[in-house]
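Chain lettering (A, B and C) follows the sequence in which the chains are written, and residue indices restart at 1 in each chain.
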Amino acid sequence: MGFRNAILNRSRRKSPWMLFFNGGGCNGCAIEVVACLTPVYDLERFGIVNTGNPKHADVLIVAGTVNHRNRRTLENLHHAMPPPRIVMAVGACACTGGIFKEAYNVLGGADKAVDVDVYVPGCPPKPEGIIDGVLKGCGPWKTSGGNDDATDD
Amino acid sequence: MDGLTPMVAAATALILAPLAGGLVLGLDRKLTARLQGRYGPPVSQPFYDLVKLFGKGARWVNRWPPFFAVLYAFGAAASVILFALGGDLLVLFFVHTLTIGFLVMGALAAVSPYSRIGAGRELIQAMIYEPLLLVVFMSFHQAAGSFDIAVVRSASSPLVGEIPLAWAALFLVFLIKMRKSPFDFSTAHHAHQELVQGIRTEYSGPFLALVELGHLYEIAFFLLLFSLFWPTAWGASAILAATFAASLLVDNVVPRMTWRWALRMVWIPGLLLVFANMAWIYYGL
Amino acid sequence: MQPLISTVILFPLAAAWLSWAAPTRSARKLLALPAGLVLMGLSGLIYAAGPVSFSPHPLWGRLLHVADYGLLAGILIIAVRLQSRLSWLLLLVQLGLLIGFDVGLEPPPPDGPKIVVDALGLTLCLVVNGIGGLVLVYSPAYIAAHEERIGRRNGPEKTFLFFMILFLGAMNGLIFANDGRWLFFFWELTTLCSFALIAHDRTKASLEAALRALWMTLLGGVFFLAGLILLYLETGGIALDRILSAPPSGMYLAGAALLCAAGLTKAAIPPFHKWLLGAMVAPAPVSALLHASTMVKAGAFLILRLMPAYAGTFLGWGIAWIGAFGFMAMGAAAIHQADTKRILACSTILNLGLIIACAGFGTAMAAAAAVLLLVFHALAKALLFLCVGAVEVKTGKRTLDDLKGLGARMPLTTGLMLIGILSLLLPPFGVVTGKWLLLKAAAADPLPLFFVILGMAFHLLLYVRWGGDLLSRPHGDRNWSLEPQPLSIRLSMLALTAGLAALSPLVPLLFSDFVVPVIRSVGLSPEGIAGWGPAGGYGLTYLPALAGALGAAVLAAAWISLRLPPEGGARPAYVGGADAVVEGEAGYKGPFNRFEPHQVTPYYFSAVFRSGLFNRLITAASAAILLMVLAGAVWIGDGGLPWMG
């Protein structure tokens, strides 16, 4: 059992596929996330692939605020991701609502809709920060833990 | 031959084939990254992906995609095993058809726009390369006098000398099977796929892993087919290296094209190539 | 033996009259079941009894000659009343030829048996009566519902059963007749039955289709008579066994070519394919019986029968071309079709093309392929037609889009339909084994193969698309309640499926007892392939092994997919996170929270394949090939060609 978990967790650490969700933000964070994919930062060297499909993804990266309009979409995406999964809030808006926090239509950060595992602050955060966040999100898989419940929610 | 040998051959093929397929995919990703000025993932990346997917939960639209994912992996493994047992090339062709049929039916069964369009395109791809694959087998028959793999393998001179144009045609098929540009319109590993993940969209978790495993078997199957062109250790290595290098080059210098383009560009030159080659042997030129 | 053969021909005639005379609907209904079962039993007995040849009392021959004229006159009256000029002109030609034959030429010597039962005939007899019997069992329940659906009670349902049973009798006569005149009578009797059954609904479309079928098959009759007269002039006899054993000379091959052309019209090979496509307006049992398993097989049967006459000549080579081209052309023509019955029609023609190409290749292995294709295609296609019919009765619909997600509504019919579809595509089913042998046989002559290879690609696209669509449904849990269905319909479909699934992996075991005799009966030596020689015993191990492994894999897949927790992982399809399922329909929440279902129609390639140009091209090209083959048969005769190896 221990051996199986060790291999499984190592594989999970080595292959976190991401899904990017851009909420009600200014696209600054989105551009930084895209920058991670470019040859300069080369996310793929960590085995990270931008899947664009929640059913394949391990890491949900949320940028921008959650508002009344996009909350259901975010919940749906999260709901469609098979466990184990990690949610990452990237940027000030996704962490807390940022400068839009007081707007009439805004609920706040990503954690108003889904449980967030990793917060990456900054407006926008640097690509290094985002990459660091993803790898930090894989932390629970360092040992044998991690959210391994196949039938949650 | 005693009863044990085929069992051993089958078991070896069953284990080695995904390793070989994964290695090819890993090398491919690494070298592609290097060609693009990136560092790239480790060569073992496909195996990490596979193991992770097997350990993941599943999401399904209905029970058919999981059902067909199992059958797809089975069919792909069966074609490699049948090859290892030294069967008939035509039977391999039919088993290969079966494999693709399962993958496509699973994707069509999910009521999903992306997976259904991807499945439709996969079918078009199959329609494009199946005739080519079959004529390549026919040219094997013509050059070696039999469809029996054992006979083809024991041909006195390397077949690549006799049917070099069939190699070119099989190379076109290989590009399609590897989901390489310009033929990656049903699904691709890249983020710039316009159909999300096309035919794979609704396969997830362990079932996506099965689809991926089947893909590795399919790659191994094609490697085995290429090795028939020069069935000695060095010859096969040379052929495989040349094929791999050529596919890498094409993938990186050609953009994705539409299926209409693919149909024209594969059928016409591909079939002409093989038939020219067959006519050449037929009339003893 | 002799009484058995007479019974299998005459019993349907009697049963047909009984059904005509039956006073009520329920009496007719009661008749269909025993008639079907008796025919199935008879064919089994005949097969067990084996080959035989005999002549019945000469009175029968005279009776048949009179009946010949009566039949033609009857069709003539129908054609004149329906103002189908083409039909009655062709009938006049036929009558002219027949009178010319009877009056102008010396009567043929009364030598040779009138009835010859050989292995090929026995096999076809088993197919016709086995499947025909099941279709008869299926018919009453279908036709009652069908009449209700098209809004007509007590309509010509009476004539329906009459012609169905009569047709089976005609078919049996056709299979066993050795005398050319006898053969011709039964040949034209099937034409009449087919016409009546296509016209069954009495709508404008059905009459049009029936008249087209009539004139095209009558044209085949003209070819038949002309070929028979030519062969009589050359060989001095009209008994088939005598003709086939005669040495080829002069116009011999031209006569054989005309007979083959007659076979092509019956088998609806392009350029004669239009009538079969139109005939799809007929009720489903008619399509299953006439246009899938039996009547069109009569064409292929005649061409197979004539194999000894043209084997190794230019004509044989040409027939391979015609069949192979038909295979490809109909595959391409089927792609844009949305109506499942039309798809089945195209695919029927395409498989017949393959059988005829086998006949043209003329080797023992090709003949074996032809037998396998003949038997298994008949089983699979009859099953598919019956399934489509069962769906049509229930829902009134039959296009691909309507069938989408049928698995949720009619699980049993869908499952059987899926097996039927897969049996056309996938190993280890018999049709694919037949194709395997065909490819092996054809590898020696790769030119016609070009068409076969392209056709196979179209065929794959066609059926995988259909199979996948059947199963598609939005997420939701399984539904195990079987659809209510008349028992007769359900049982006949199940019986066909069982035959298909049980026989397919056994082909290697049955090969030497059931296929090799047929190869012998068409004048070929099965040396080298007896005992599954083609693959050196490979087929013997691979087919059952693959069947077993596939069966195990299907069970494993079912176990795995059914064990998935009921609600834990089921999610709607991904549509950008806006997914929603409302009343069993998948879609997304659009602007203003409005629900929009999403629809993806399959690729139909209409721009290419639907165009008139494409259809005209098929007809023109196939007609050109046919004319060249006929002309070549006349000019080249039995001389080989330099490129024929």
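The working rule: a residue touches a chain if its C-beta (ideal position, glycine included) is under 8 Å from a C-beta of that chain, and two chains touch if they have at least 3 such contacts.
In this text the structure is predicted, and so the values were computed from the model without any measurement.
Across every pairing of chains, the maximum count of C-beta contacts belongs to B-C. Most remote from chain C, judged by the distance between CA-atom centroids, is A. Chain A and chain C have centres, each the mean of its CA atoms, that are 59 Å apart.
Work out the mean CA point of chain B and of chain C, and you get 35 Å between them.
Our note on geometry: chain A versus chain B, Cα centroid distance of 34 Å, whole angstroms. Residues of chain A in contact with at least two other chains: 53, 55, 80, 82, 150-151. Shown for chain C are the residues in touch with two or more other chains, namely 568-569, 571-572, 574.
Looking at chain B, residues 57-59, 196, 201-202, 205 sit in touch with two or more other chains. Chain contact summary for the complex, chain C toward chain A: residues 565, 568-569, 571-572, 574, 576-579, 589.
Across the complex, chain C meets chain B through its residues 405, 407, 422, 425-427, 432, 435-436, 439-440, 443, 446, 449-450, 453-454, 456-458, 460-461, 464-465, 467-469, 471-476, 478, 535-536, 538, 542, 546, 549-550, 553-554, 556-558, 560-562, 564, 568-575, 586, 598, 600, 602-603. For chain B in complex with chain C, the residues that touch the partner chain are 57-64, 66-71, 74, 78, 82, 87-88, 90-91, 94-95, 97-98, 100-101, 104-117, 119-121, 123-124, 126-128, 130-131, 134-135, 138, 141-142, 147-148, 196, 201-202, 205, 271, 275, 278, 282. Residues 21, 53-55, 72-74, 76-77, 79-80, 82, 150-151 of chain A touch chain C in their complex. Within the complex, the chain B residues that touch chain A are 29, 33, 36-42, 45, 47-52, 55-59, 189, 191, 193, 196-197, 200-205, 208.
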